[in-house]
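In what follows, chain A forms one complex with chain B and a second complex with chain C.
Showing the complex of A and B:
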C-alpha cells in the first residue's frame, strides 16, 4: 500500500508529540551530573557531587523516608477501605450505591487548593496540623477514589452467579467476599495500591497547608528548593525518581508479556 | 428477612470508607462555605468584595483562558497520538503507549521543574539559542502565560490521550473501509466517518483536562512566577499573605461553583459516568 500524506502527517505528528512528552523530562539527567553549583549543563566534566549531597544530607534522606513510609501506610489504608467499599457497592448495585460511588470520587473533582483549605481549618480543630497522622488521613482520602475506581473496574467482568453459587452452598456473606470476590478483584486492588502510593508520594498542595516544620516530605523539599534557590540536588533527586519510574514501568511491561 | 440482612452486611463494607470521606473530606470542604459567609462578619460581604475587585475578575479570566487553551492544545496533540496508536499497527505501537503513559507516573512537581530548567532566563533553550547566534538577549519564555501554557499542556496531555485511546480502540475499521471502497478519499472518510465516531472520547478528554486545569495550582505557580495568577494561586495569596480567610474562602466557593457548572453543563454532551466513575 502506498504511503499517503495523510498517514505521514499522523505518523510523524505522533512521534513529535511523544518527543514533546518525554524529552523535557529527561533534561534533569545532564543537569544532575553538572560540576557547577547552579543549574546548568556540565562545564568542565561530569560530577557526582549532587548525588553525594543527596545521599549525605539528613534532610533529604529523612524527607524521602517519610514520603516512603507515609505512602505505604496510605496505600494500605486506602486499599483496604476502598476495596471493601467497591465490593459492597458491586453487590448492592442500586441507586444508593451509585450515589455513594459519586461521593467517594469527589476528591478528584475538587481543586487541590480548595480541599487543602478545608483540611487546614478542620485539622486545626482536631489538633492534626503538622502531624504524620494528619498527612496520612488527608492522603488516604485523596487516594480512595483511585482505589475504588480500579477495584470496581476489575469487578465488572466478574460473573454475578459465582458469589450466588457460593451463597447457595452455605457460605456466609463475608466468606463469599473473601473467597470469591476478593480474588477476582486482586488485579484492581494491586493497581489501586500503586495509585494510592503514588498519590501520596507526589502530593504537595495539601502538605503545604497542613504541615509546618515537623513533617517534611520529599515533594515539600523539592518545592521549597525550587522556591528558594535552585540547587542541582533537585535534579539529582528528580533523576533518581525518574530512573525508579522507568525501572518499575519496565518490570511491569515485562511481567505482563 | 435474609435479603435485608444481606443488604446490611454489604453496607457494612461500604460504610467505613464512606463515613471517613463524609466526616473528614465533605464536611471540611463545606466548612469553606461557612467561612465564606461568616468571616469576618456574617453576610455576603466577601462576595460583594469579590465581585467588585478587578484583580479577581482578571484572575478568573486568566484561569478560564489558560484552561481553555490548555484543553484545545491537549486535544489536538492528543488526538494525533491516539489516532496513530489505534490505527497504524506496528512493532513500535506498544512503545508509543508506554511513552504516553510514562509521564503520568512522574510527579507534576518534577515535570514543572524540568520546564523551569528549560525555559528560564538562563535556561537551556535560551542558552542554546544564544550559542547558536540566533538571538542576542534571552527570550522571556516563562514567568508569563506562554511558559504556563507549555508546561500545562505537557502535564495534562496524558489525561486527554487516555480517554481518546479507550474510545478509538472500540471503533471498528469497517466503516472507514466502506467509505473508502465507495470512493471517499482518505481525508474525507476520516472527516465524515471516523472523526464523528471519536467525539465521545474527545469530549471526555476535554472535560477531564478542562476541569483539572481550572483548579490547577503547582504548574501555574511555578512557571507563572506570580505574574499569571490563576484562581488557585490567588486564593493561597489571599490567605498566606493577607490572612484574608473570608475572601479566600469566597473565591474557593466561586471556583467550586464554576467547576460544578462546567460538570453540569457538560453532562448534556459527555457521559460523566464513563468519564469519571468508570475510567481505566
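Showing the complex of A and C:
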C-alpha cells in the first residue's frame, strides 16, 4: 500500500503531540522508584521504599482521605446545584438560558489567584478560614460551571414538548422534572459529577489561600513537600494518581465498547 | 345541541401588539371530531395550547361540561395530547411511556399492566412493549404516543399536527386509523392541522382560523361547497374567483355579467340589481369545451397531470386565468399548451362570497 507523504506528516505530528503531552508526566515514574532519599533518578537499584512510606505515613493517608471525601461532598453539592440550575434554565427561554450560562461560567474565566483572594477576604469575615466547610464551599463554587455545562449539553437536544406531554398526562411540574427531565439529563449529571470531583481533588490555589494547619489536602501536601523537604514520596503519590487515572479511563473505555 | 363538552367564550391571547387569539367562541360537542384548520400564524396551535392549559388566556373563559377550567393547570384537566414530534419520554420503554399517566394517578400495578396492554393492542403495537422509543420508526412512535394519550381515558384528546412529520403514504394510513379509533372509542378529538386534505377527510366539523379569528365553521362538505369568504374558498381546496355585476333577475336566478360576458347565477343569497359580487368557482365545476361550445373563449396555458385528474390552466382574453380540473378519462379534448378552447359552468356552480 502506498503511504502518502501527507499521511506520514500528520502521523508524525500526532505522535509528537502525544509525546509532548505524556513525557513530562512519565518523568515521575523512575523517580518514584529511586533508592535515594532525595528527588532524582535511581542510582544503584529500584526501591519501593517511598511507596511504603506513603502507605505508612498517617499525614499522607490523612491528606488523601480528606481530598477524597471533600471531593465527593463537593461533587454531590455541585451536581445538585448545577443540575437544578441547568434544568431551570432549560425550562425558561433559550435566551435566558444563554445569558445565565455565560454568567455561570465566570468562575472558569476569572484567574484562580484573583478568585482565591476573593475567597480569602470573604471567608475571613465568615469565619470559614481553615475549615473543611470553607474548602467545600469554595470548591463547590469552582466546580459548579462544569456540572451545569455538561447538563446543558445533555438537555440541548431534548424535545421541548416533553414537559408539556408529561403535564397533559397528569404530572405536576415537580413530577415532570423528576420523571422526565432528570433521567434525560443523567449522562450529563454523571459527567459533571466526575468533573466536579476532579476539580476539587486537584485544586491547590484556593486551598493555599484559605487553609492553614487544620485542613490538609493531597495537592497541598505535595506542594508543601516540595517546598520543605525534597521527599521522593511525592513522586510515588504522583505515580499512584497516574495509575489510578489510567485504570479509571481503561474501565470507562471497556464498558463503552 | 346537548351541553357541549368544552365551551370556549371570547378567548383572547395577546403577544405584544399581535392578537394570537382574537375573541374566539367555540362549543365542542361530546364525541365530535373537531379540526382547527388554518395557515401558520392563524392561532390554531395557540388555541389548542390554551385548551390544554399550557398558556393562559388574557381574556375569556374555558369550561369543561359547564365547569370553569380557565385557570386550571394542565395536569388537572385530564386531556390527552399528541404532539407533532411524538414527545415520547426517551429514557422510558414503550410500556413505561404508555403506563406513565396511570402511574402518576397511582393505579395498582396489575391494572396498569392490563390497560397498557389494551392501549398497545388498540394501536397494533403490542409486540413493541419493551422497546425504547429511539428504536421505533416515526409512525410507530406516533402510535405509541397515541396509546399513551388514550391509556387513562382522557376527557378529550388533543392532537397537534400529529401526522405532519410522517411521509405521505403513512400519513394516509394513519388518517384512516385515527378516524377508526375515534369511531370505536367515542372520545372527543380536537385536531390541529394546516393540511386541508387531512381536515376534509377526517373531521365531523372544521373550524377555519385566520389571524386568531374563526373565519367559518361547519362540516367538510359545507365548507367546501359553500365557503363564506375568499379566504376560506382559497384555503380549503382551490378556487377560481370571478368579479361580476348583477344585471337583473330575482332570486333564486339572477342575470350577471363579468367582463362583457353575460351568464345566469342560481343562488340563495339575496342580490340586488347593480350589485358587485365576488364569486368562487371550484375547478372541477368548470367545463372545458371546443371553441364556441362553451361560454367563455380561452387558451390553454399549462397542463398538470395528477393521475386520476388533470389540471388545466387556461387564460381568457384580457389575461384572467382559470384553473380547470377534469377527469383524465375524458378524451373529447386533449389539452395542450396553446390550444384554443372555451370554458363554461352550471348556473348553480358559483358561490357568492361575503365582501371582504
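In this section, the second predicted complex is superposed on the first by the 251 of 257 C-alpha atoms of A that agree within 3 Å, B and C clash if a C-alpha of one lies under 4 Å from a C-alpha of the other, contacts with A are read in each partner's own complex, and residues count from 1 in each chain.
Please note the rule applied: a contact is a pair of C-beta atoms (placed from the backbone, for glycine too) under 8 Å apart; a residue touches a chain by one contact, two chains touch by 3 or more.
What you are looking at is a predicted structure, and each value in this text was computed from that prediction instead of being measured.
With chain A as the common reference, the superposed partners chain B and chain C fit together side by side. Shared-chain residue A:72: touches no atom of chain B or chain C.
Panel annotation: after superposition on the shared chain A, the angle at the CA centre of chain A between chain B and chain C (CA centres) reads 90 degrees, nearest 10.
Of the two partner chains placed by the overlay, neither chain B nor chain C lies in contact with A:240.
Of the two partner chains, chain B is the only one touched by A:174; chain C is not.
Counting the residues of chain A touched by each of chain B and chain C gives the higher count for B.
Contact with chain C, but none with chain B, is seen for A:183 once the two complexes are overlaid on the shared chain. After overlaying the two complexes on the shared chain, residue contacts for A:164 are found with chain C alone; chain B is out of touch.
After the two structures are overlaid on chain A, the closest C-alpha atoms of chain B and chain C sit 6 Å apart.
Only residues 4, 6-7, 10-11, 13-14, 17-18, 20-22, 24-28, 31, 39-41, 81-82, 84-85, 87-89, 91-92, 97, 100-115, 117-119, 121-122, 137, 140-141, 144, 148-149, 152-153, 156, 173-174, 177, 198, 201-202, 204-205, 219, 222-223, 226, 230, 234-235, 238, 241-242, 245-246, 248-249, 253 of chain A touch chain B when the two sit together in their complex. Residues 158-159, 161-162, 164-172, 175, 179-180, 183-184, 186 of chain A touch chain C in their complex. Across the complex, chain C meets chain A through its residues 52-54, 73-75, 77-81, 83, 85-92, 100-101, 104-105, 145, 148-149, 152, 158.
Looking at the complex, you find that chain B touches chain A at residues 6-7, 9-18, 20-22, 24-32, 35, 77-78, 80-81, 83-85, 87-88, 94, 96, 98-103, 105-118, 120, 122, 124, 127, 154, 157-158, 186-187, 190, 211, 214-218, 222, 232-233, 235-236, 239, 248-249, 252, 255-256, 259, 263, 276-280.
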